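These are the structures in question, set out in turn.
Both complexes shown next keep chain A, but they swap its partner, so chain B is in the first and chain C is in the second.
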Partner chain A sequence: MEMEEKFDAIIVGAGASGLGAAYSLAKSGFNVVVLERGQRIGAKNVYGGRIYSHVFEKEIPGFKEDAPVERWVTGERLTFLDDSSAATLELSSDFSSENSFITTLSKFNEWLGKKVEETGGLVISGIKVDDLIIEGSTVKGIVAGEERLFADVVIDAEGVNPILAKKAGLRGDWNPHEVAVGVKEVIKLPESVIEDRFNLNHGEGAANLFLGYASRYGFGGGFLYTAKDTISIGVVVRVDSAIANRISVYDIVEDFRLHPYISKLIKDGSPIEYSAHLVPEAGIHGVPKLYGNGILLTGDAAGFVLNRGFTVRGVDFAFLSGVIAAETIRKAHEEGDFSASTLSHYEQRLKESVVFRELENFRKVPNLLSNLRFFETYPKLLCEILKDAYTVGEDSKKIYPLLKNKMRDRVSMITLIRDIISVVRNL
Partner chain B sequence: MDIIVCVKQSYDVQQIKFDPKTGEPMLAGAPRKMSDMDRRALEEALRIREKVGGVVKTVSIGTPDSRDVVKEIYAMGADEAYILTDLKLEKADPDVTARLLSEMIKKIGNYDLILSGAASTDGYSWQVPAKVAAHLNLPFLPNAISINVNDAVMVDCDLGDAIYDYKAPLPCMVSVSLEINEPRIPTLSAILKASRKPFTEFHIKDFEVDLSPELEVISTAMPKVARKNFIVDASDASKLDEVRKIVDELRKENVI
Partner chain C sequence: MSDGGDEKLSVEARLGLVAFTIDSEPHIRVNQDECRKCSLKQCLFVCPAKLYTEEEGEIKFNHEGCLECGTCRIACPKIDWNYPRGGFGAHYQYG
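So, the complex of A and B:
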């Protein structure tokens, strides 16, 4: 057996958080290795949607010129769907804001991996980490097959399925109401067709979320993002809701694609990709213990995803959590101590960061979004009322009697007002 | 024994998507991997080195995004890797490839045996090894399923109609087929060591080679599969007879 090399840090998982940590550490001269289970970086990624760019621009010089951005988001849409119609709120904004872009996470992470390698970090794909080396209560390294690798600290960036974090005693399994299953299809269409259909200039993109029919009126929703010459569409359904309503997520993606509103948008497109993934949905309530002796937890494994109903955010949080983990490790390295008490700096810094500020700000959202009225009653009501209001017959109806009539037996005016207030307060 | 292996970074054919409209492969950014038969050629070289000693060197050419192949070459255990990458090589045909490879091999010099896969996973032309052998004026034994080396090379060649036993003096060129061996999977520590091992880069300007291809590719497309695409609107009760007809038809063809 040859002499075992000891690393400054071993990072498990080449996703946005693992690569963020590796990039930041490698840049300051640390000897790091990222171990990725997929055959290549990005092989296991599914997300094809919007990423907020601020933290990347701050950390990676020349980000805007170099990153695989497909379109900058200028069009925001929230659509309420019933079985056959749709009511859409649309915001068409200024191109120059450039604060979020659309890309494929798989390509994006591949690019981040290159950045890590350029700065001197090692990224190795096709390696499954089976276990942690734990001595006493301190993590000393990892086990992959027959081999053991040692480091001062392990960053657990393994993603939504936290096998190692459980072994390290940092967290347990997700509960069904804390995760959602997302299924995505990628539809190929010419660039110009996408721009015409979504009213976009060249290089501009649209992000569209859907409530109601998309998740079959259960907890969840649909999404549509325009990439360069593809459109990602799909459905995300909370696992408890899928179980309770006996929903097969694969079927409802089909139904979503065939909905008259969606099928027009993707007409003549050809499906080229199909994939599925779990998404943390518990907000701040899903955040477990974030550190132990010799270990830090980042990204999806730590539950750093925020769903506000009309927008989801996770990739930039993941990256930032990696960067903060790196900062913590630099401090621990200076002090020569990688025990939990030094590594607690990580949680402290995270709490000051946008990750916790946002999750904390929207603490009540997961509860709010546990209100089925947002997924069934209101999308249906909105579509029906607008349909009737715009239907001109002998005599047109006034909105208020229409609303009262539609609400009968479904929701009381008081509940409606209460719900509106809670949305305004908490979203 | 000094062995030189020609190793190509192919497209990972199983991962390639095709444009459903045009049938063309979408190659931009498509994942790459070491060509299957070349991997076996390298494995065979390493096994010969383990048996009789010597040095295993590799030569590779391709576009700049094929450079990662060196890491894999070293992780498997090669001693020295030589690579030439250039964007101009995107359209390189078997002829250009063989000319460049043989020039690189001449420059490296000192070899007893040259190995390569019989065909690449993506191009699959089966042309390059024979052309390399011709340029270097070496005996060529194609499609080896086993190789034995002492002061000469004994090879079992699968030529389709039969297995032929050939013997050639050294130096010579042998192309290997998929059946020859089961390549090793590099260990983590081998990958780690390989990742920082230096390699030698050649450039097109190092050689006086004509880069104009002799082959013109007219089209690359996936085969068309014709479907009957017969849809019956089952919500209409009067159409049920048609459904029954289809069911009978499928029964007749033993599909259901």
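So, the complex of A and C:
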């Protein structure tokens, strides 16, 4: 690399957001470089398991034929867990619209990296950006070890730990209640076993989210996604909740794996990888300043993740925010001005996009999900009531008295009804 | 070692499943002066790799096995936290 070579744009981080920006800029002939600290693209990326495809189909020609899709999701389950039992809501359909698919993020980002290279973008792995070069209040480039690289603009796509964004003065750090730690295990099982156990046809996949026991009844939940010949299971716990309840985070996913409901589903499969990653949880409330002189913030670093309890969307939002950043840079390039006032176009365009529309639509969700009844009272109640209702002794039991009895001292009927209404309204 | 069928795998056994290139220098450091004043000691339980331990009243940190999540950083602002150098640390295959 030339020592003082100047790029049109330097992108920090080869996640979906950095690669989205690089893909879009390289396609229009810009001289871009993506710097990734991982030894290869994908080596540092960890998520749950499912990607919504709409954004990608729109932006990448021939996406469906080419992308590393392992299974299209046809089965959706939401499970309430107590210490030993489970109550599941299931939706299974043919989803002919092919709305979301299961893959690993490591593989997916590696594929996106290839797309960037095919369009003429440069991705360099094994390089960590240590600092930004800031002159006055303008970002001019980056420092990586001994090297200094310059560009018209830097896209900060560093992900959920906003080390550089803090240095640029774009944001402060997350508070413990604004992020959750996700811990994951990947289990190897033959393809046919997965299909039999989850009642899937070839190429179909199941997504299962869990409330209750998985997060030790604290804010968070569990997940299970069936990939081709692996199953990803994991637990997500908000960091404030882990601290307050002194949760042994190093044991949560292993205990989840050994829960009778999960252990049956993954029987005879052994873990082949263990991983952990943070996820933003604050929704629209966690979105910081998105631009400055010579810098734009994308993806998780900007808090673009929507968690509705039963769906998590981050990868497609990350990619789209990168594409919109690229669009802004094209405009700034035309105007020959990369100051904050021109780059503010990025925020305007984001506000018109599905990213802000969704975060705005579900603005109350982080608040709603701050209600512990969803994570403790209701999962336990539901499991107990169903257990009792299905236990036939001398006389079978009527549901309503059972419900009233179980709810005593735990939650009033009014509160229950109010919670149901707020879920229906806001989720 | 068990392959983890129905038995609980230790966190050490699970970390053994991750490919690492370990740097000789730690990328994270604790500040013993702060630790001595700290009553909650949340680092001991929030780290998914269980890398913080307490020995004779001192907090010990072992950077080998760090999953690079940043949870300790959020839970305790006193920790001097960095990512490992480029190319070092965990190499996830199924992330």
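Please note the rule applied: the second predicted complex is superposed on the first by the 422 of 427 C-alpha atoms of A that agree within 3 Å, B and C clash if a C-alpha of one lies under 4 Å from a C-alpha of the other, contacts with A are read in each partner's own complex, and residues count from 1 in each chain.
In this section, a contact is a pair of C-beta atoms (placed from the backbone, for glycine too) under 8 Å apart; a residue touches a chain by one contact, two chains touch by 3 or more.
Here the structure is a predicted model, which is why all the values come from computation and not from measurement.
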Touching A:Ile127 in the superposition: chain B (first), chain C (second), both, neither?
both
Have a look at where A:Thr311 lands relative to chain B and chain C in the superposition and call it first, second, both or neither.
neither
Applying the touch criterion given at the start, work out whether A:Pro176 contacts chain B, chain C, both or neither, answering first, second, both or neither.
second
Of chain C and chain B, partner touching more chain A residues:
C
Under the stated touch criterion, which partner chain does A:Val33 make contact with: chain B (first), chain C (second), both, or neither?
first
Looking at the overlay, does A:Glu273 come into contact with chain B only (first), chain C only (second), both, or neither?
both
By the touch definition at the top of the document, which applies to A:Glu147: first (chain B), second (chain C), both, or neither?
first
Which of the two partners, first being chain B and second being chain C, lies in contact with A:Tyr250: first, second, both, or neither?
second
Which of the two partners, first being chain B and second being chain C, lies in contact with A:Glu5: first, second, both, or neither?
first
Please report the chain A residues shared by its interface with chain B and its interface with chain C.
39-40, 43, 127, 144-145, 270-273
Contact footprint of chain A on chain C as seen in their complex
3-6, 8-9, 11, 14-15, 17-18, 21, 40, 42, 45-50, 67-71, 73-75, 77, 82-95
The chain B residues in contact with chain A across the complex are 17, 19-21, 26, 29, 31, 33, 187-189, 191-192, 195
In the complex of these two chains, what residues of chain A are touching chain C?
37-40, 42-47, 104-106, 125-128, 144-145, 160-161, 163, 173-176, 179, 181, 183-186, 230, 232, 239, 242-243, 246-251, 254-255, 257-258, 263, 268, 270-278
In their complex, what parts of chain A are in touch with chain B?
2, 4-5, 33, 35, 39-40, 43, 107, 122, 124, 127, 144-147, 149, 188, 270-273
